[in-house]
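After this come two complexes, each holding chain A, first together with chain B and then together with chain C.
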Partner chain A sequence: MTATPIGSGVESAVRAQEGEDGPRPQPTWEKVLRRTGRAIIVAFWVMVVAFMLIRLSPGDPVSAALGADAAPDTVAAARKALGLDVDPLTQFWNYLTGLFRGDLGASLISGVPVTEMLRTNMPVTLWLIFTSVTMTLVISLPLAMFIAMARIPGLPYLFRTLTAIGLALPSFLVALILLYQFGLIWQVAPIFGYDPTFPANLQYLWLPSLVNCVVLVPVLSRVLYSSILDTLEEEFVETGVVRGVRWNRFYWLYVLRPSLAPTVVLLSYMMGVMVGSTVILEIIFALPGIGRELVTAVTMRDYPVVQGIILVFGILVVFLSLIGDIVASLLDPRVRLT
Partner chain B sequence: MSRRVVQLVVAGAALAIVGAALPQTAATAAVGTNCSIKNQLAASNCQAVVMATVSKVANLNPMKARAVTDYQVAYPMQGLLWRFDANLIPRMDLLIKQDVSKDGLTIYQQLKPNLKYSDGTPLLAQDVVTAWQKQVEAKQSSAFFAKVSNVVATSPTTVTWTLKTPMPDFNWLMANQAMYLNPTESLKSATYWNAPVSAGPMMIKSWTPGSDTMVQVANPNYWAKPKVQQITYQAIPDAATRKLALQAGQVDYVFDLAYQGVTDLDKNTIKWFAHALPGTYQLTTNMAKTTSPLYNVKNRQAISAAIDRAKVAKVGFFGTVLPSCAQTFIKGNPYHQCVLPNEGKQDLVLAKKLLAEAGNPSGFSFETIVWARPAWPEAAQLIAQDLAKVGITMNITVKQDTVAIADLNSGNFEMQFSGNNAPTPYLQLANWFGTGGAWQNWSKVNDPGLIAAIDRLGSASNPITAKAALKTANIAAYNSSVHIPIADRAVISGTRLPAGLLVATTPGEWLYVATTPLLSAQRGPTGFNTGAKS
Partner chain C sequence: MTITGAGTADWFDVKGTVPTPKNAKRLKDGTIGLITGLFLLVALLVLGIVVPLLSPFEVEISIDTPFLPPSGTYWFGTDGLGRDVFLRVFSAVYLDLGVALIGVLIPFCLGTIVGIGLAVSRSKTLNAVAGSIIDGINAFPLLVLAIALIALLGPGLQSVVVALSVTNWARYARLARTRALVVKQQGYIEATQTLGYSKPRTLFKHLVPNVSSETTAYALSDLILVILLIAGLSFLGLGAQPPTPEWGAMISDGRPNFQVAWWPVIFPGLALCWAGVSLSFIAEGLTRRERDVKS
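Right after this comes the complex of A and B.
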């Protein structure tokens, strides 16, 4: 890499990166509040969709759940429990006020309140996502950085080939292979189950998280790798070289940080997707997560549970996306929060 | 901020590594590691065992039970007057005496003295009456009780049953889940089934509705001592994971293993076996769909004739079952007789003839729902191939049990490939065709002549008349062909436990737990019946 003349615009960008003079461009509170407001509106529509779901589903949900031959008083009791015995406007009002009281109804099958199911099962899914993302970052960041910076002939092709293979492998197959190897052959991971206490839960989570990494690492590391290559073309990077910035400062401020924004946005999106897609791992590893609960509820036509979980999933995805956007704008001044 | 991000990432990774390195505890703590299939005497070491179930417990209330696990965990912790032993023979459990009047119309029962539920509540004769009343009121299993006209508690420890006609299979009914005993007063509580008490060998130690795990311990108020002191039921929904858990020694008993790969299991530590079940795989028609080609009996009989049952049994179910040649099961039943044309063998000429008579010489098409159990979809696929040979197109949709049952309930099906079982042919046929039977409700079959034939079977006074009545009922059932029998039933299970300690009978719905003294030492049925093992 050779030094090139530095223009005043580049110096300004470097200063902005390093925060050496003047306030660094950051998302204003006004913009954050505006973006949050939009997220709340989207969350409201998620809530409306969740409400409509049970009402617009084909056939009568009570008959579907209890059977056509259920006794009339049993059907009437179930309709009352679901709040279906009043007009739609009153139903929506009751639904809204119930939400603010933290009342999402109760399972038609087990009678367990939906909030209780969320309290018990949601942390498992969130923990699985958290450990998956942590492991993904730990693997992806140095991997992408190394591939991009090492300039070893042929290495990028090998990297692309291996990540393409990783992306092509179905999760359930990877899960079974890893479970067989780590759980049965090497016996370093439990085959099934979960302990809700921390850090004991990590011994049940690391293997399913590793399975998630097989898909997440290729995606993130490839995006990050491309992003780093783009960043390396920027003039301020050459400036850093010319100025003889310390290596750790150079890699973080000049290369990695400006390259992270698309990765963070992608990560927030993938975390949203993972909220639903972890169900396969929850079934194979017998983890009592909320995704498995949703599938069970759908198969059992347990509408209050389906409605409650979809509502929480939707709101979670909306706010994960919001957080991703805010963090991306914090990391890279070129990203604007609109 | 950069440093904080790096610290957080490193801390997260470190925690994951530490967590992974922690000794395994919860999953393996309760496994009966001292148990061995090779050592019968080691049974006393199996104090705490883990059983892998196909799903978590949804509801302990037998009226609301949806999945096989609900029935499985309930059987050891429910009180019963008669209880099935490991060989599916009913034995006196909470009864000390049962007498039948000479005309067979009155049955006198006397409970064991000082019976108590696990919480100390006395078990009274009124609780027996309540169990019967609940079934009749809920119209559940009411076909089973069609012959019962009244039940009275004549004292706190005596019950008198009045029957419309004699019922040789009465004891089999008593050992059924329809007769679970619970305190009459407690049943009035809306939350009773979240923590029911027990009059059976085991009782709940810990369970939260909706959780993956239930722990049962020996019930100190039960008259016999269970050999297993604790059973942990762990839901493992994936069949491959259940197999791995058994191989890794993290569970002791697995119900419903996949057929493929069971022969790879280590024979020194694991025994796998196919439960021979008193039941039948069958195709069930929805007779409420009057515009369906299946509404025509000739078309249904054409389907029956076109199926190569031997191939389905040998290939589809890996030779673990026998092909059917009647509506009721074969294995172990001395009254069984083949009544299907050509002994149930594939007869494509007959199938084509029947199709022509039905006005469908070039065949027809229909939809079939198949339950997502191991090997069922593959077996259904073989049937579809057979039917294609005579121009019948069977479109298959595979659904989870609960969804398929919901479709049965709502009438949203044309035909279903499923399995059903009962401890006796009479109870099975009553369930399929009798008014108030579960499968009669679903299929909407209403055949008075068939019902009368089944009723005669249920009241047969001796083995000869029973055999004749069963043949008549089976012929009438074929003439109806609403349920098309395919083969006997079987489920694959695997165990690391000594033989007979824990056995899932009748596809696992009734879990047998060995006791001291053994249940099989108690009085069994007298006289004759149409039961599988009589």
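Right after this comes the complex of A and C.
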């Protein structure tokens, strides 16, 4: 983030983007375009990593999946079906062209195409991520704002201590305890099952999302808190005070909006951690998402499914962090995207 | 407890007018956190030695009726196979922390070497290709990539360490490379050239220590994540296998009977939190002290 000389409040910082005063920063469209270009390159390497992972495995994936006593004919047929009987470069070419045709191969066990699996299971995972992020933001924003602005002695210290503890809590333990308390003792949440239609699915998703909050809120509110403290030292905030800006405009536009940018960048960085924890949560809450499919496929050694799902997870994280970075640059035009 | 808005200027601290006693107090805060963390960690490590030595019970052998609640004899109760949970929880200390330490040290060394190597090398193609592969690996959630690698290697703690080494080095490499590029521009590196120091001397005495101070700070917070990750993988049945006393595996083991007996799940969980919280306090204390020294 580069500092722009700020003369007359936050409006000028926003205007600086159009080049009206100060040195001309990158235009937004150029930043977005560059960042998207980089995301596409990374997505390509994600494909390469997902491809190499299976080929680099010690031992033969096919005989491992079919068992040591499988007939050589069956193994050869399976290798042919997987396209493993040609040289690696041709394999990579077939894999890439297959991807663009929307063909990710089929399960070794059930024969169901991987794309078919994704179509049924992906929405569950996406919904879980969406509700988790929304809940995290809804909790973190007022919390960090309150602790930064309410000058209660000792409160920041308590906040830091509690978040330091929160950072170290294992999500699967929190999930088990909450599932037991809410699902079995109070019976306010279903302990398994899922309903794919929109308002009904929230009933199944709120508790796993809450668990994700326990992991994410400490990280996020901490960064937001120190970011608000930094913002309060900026000259445009002083200008706002001197000008006597109305309090709600002051909080939202002068303090919160510039403070949000580092938080959103962090959130996009945390997406990887969160997508990972959804895998565990889907298993504990018996949600039919792709994370659960991944673990099932791993235990069954179903390689095409493993390859397809990790590819989708990788692309998902690349895409989510792209969105995060773009949102951050829209919130604070001083943010530079590389 | 009022939030005063703009206009009443009393909430606004003008930078530089903060009196020194406040700074002195903040230094103390960081120290308290650090000492608490170290105390908790040392206590856990001591219990990890003492409990298995003094306990009259066996770690992997049934000693009494399953699911006895916590009592004077069995402080943490007995698990589904009638084993003493207290003994098993503290037998796992060195396994959990040791595997996590190895799982951090290998990627730490590997990543730092690769990162510095990339920053020092002049080859653009090498930098572009290696940089892209690093970005590609970093794009995957660590847990997902580790799970996929364990699919290839077969479940077990060795596979977990291998999976961590293969995936996590990229994060250190990116950090070390960025840091090394900054350090390379510093005056003191230029000075070593002016003074005619040999290249290895500049590299190992000046570049490496300055880069690794940054990656070490990251490694400490990474250790917490890795401890949780190893327990998480074992919880999924992909890490430590059942008879082994390991916190994640023990939680997974006690989970089907959680309604009947909470103690085989909660106590290993608390031990896991204990390890994480102590490290988290240490990391927090260190960063706060450092910030105090700087400002």
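Basically, the second predicted complex is superposed on the first by the 311 of 338 C-alpha atoms of A that agree within 3 Å, B and C clash if a C-alpha of one lies under 4 Å from a C-alpha of the other, contacts with A are read in each partner's own complex, and residues count from 1 in each chain.
Going forward, contacts are C-beta pairs under 8 Å (C-beta built on N, C-alpha and C of every residue); 3 or more make two chains touch, one makes a residue touch a chain.
In this text, all values refer to a predicted model and were calculated from it rather than measured experimentally.
Placing chain B and chain C on a common chain A by superposition gives a clash between them. Contact with chain B, but none with chain C, is seen for A:V112 once the two complexes are overlaid on the shared chain. Legend: residue contacts after superposition of the two complexes on their common chain; A:R301 is shown touching both chain B and chain C. By the touch criterion stated above, A:G240 is placed in contact with chain C alone, chain B being left untouched. By the touch criterion stated above, A:Y157 is placed in contact with chain C alone, chain B being left untouched.
Of the two partner chains, chain B is the only one that A:F192 touches; chain C does not reach it. Contacts of A:F285 after superposition on the shared chain: chain B is touched, whereas chain C is not.
Contacts of A:L205 after superposition: chain B is touched, whereas chain C is not reached.
Applying the stated contact rule after C-alpha superposition, one finds that A:L184 touches each of chain B and chain C. In the superposition on chain A, contact is made by A:L167 with chain C only, not with chain B. Of 56-64, 128-136 or 146-154, the chain C stretch that intrudes into chain B once chain A is superposed is 56-64 (criterion: clashing C-alpha atoms).
Residue overlap on chain A between its contacts with chain B in one complex and with chain C in the other: 176, 180, 184, 283, 299, 301. Interface of chain A with chain B (complex): residues 59, 63-71, 107, 109-112, 116-117, 120, 130-131, 134-135, 137-138, 141, 176, 179-180, 183-184, 187-195, 199-207, 209, 252-253, 257, 283-286, 288, 292-293, 296, 299-301, 330. The touching residues of chain B, counted against chain A in their complex, run 1-2, 9-10, 12-13, 15-22, 24-28, 52, 55-56, 58-59, 64, 66, 138-139, 191, 194, 208-212, 234-238, 240-241, 244-245, 247-248, 250, 400, 402-403, 406, 408-412, 441. By the touch criterion given at the top, residues 1-3, 5-7, 9, 11-13, 15, 29, 33, 132-133, 135-145, 147-153, 224-225, 228, 231-232, 235-238, 248, 251, 255, 258-259, 262, 265-266, 269, 272-273, 275-277, 279-281, 284 of chain C touch chain A in their complex. Residues 41-46, 48-49, 53-54, 56-58, 61, 146, 149-152, 157, 160-161, 164-165, 167-173, 176-177, 180, 184, 232-233, 238, 240-241, 244-247, 250-251, 254, 271-273, 275-277, 279-280, 283, 291, 294-295, 297-299, 301, 303, 306-307, 310, 313-314, 317-318 of chain A are the ones that touch chain C when the two sit in their complex.
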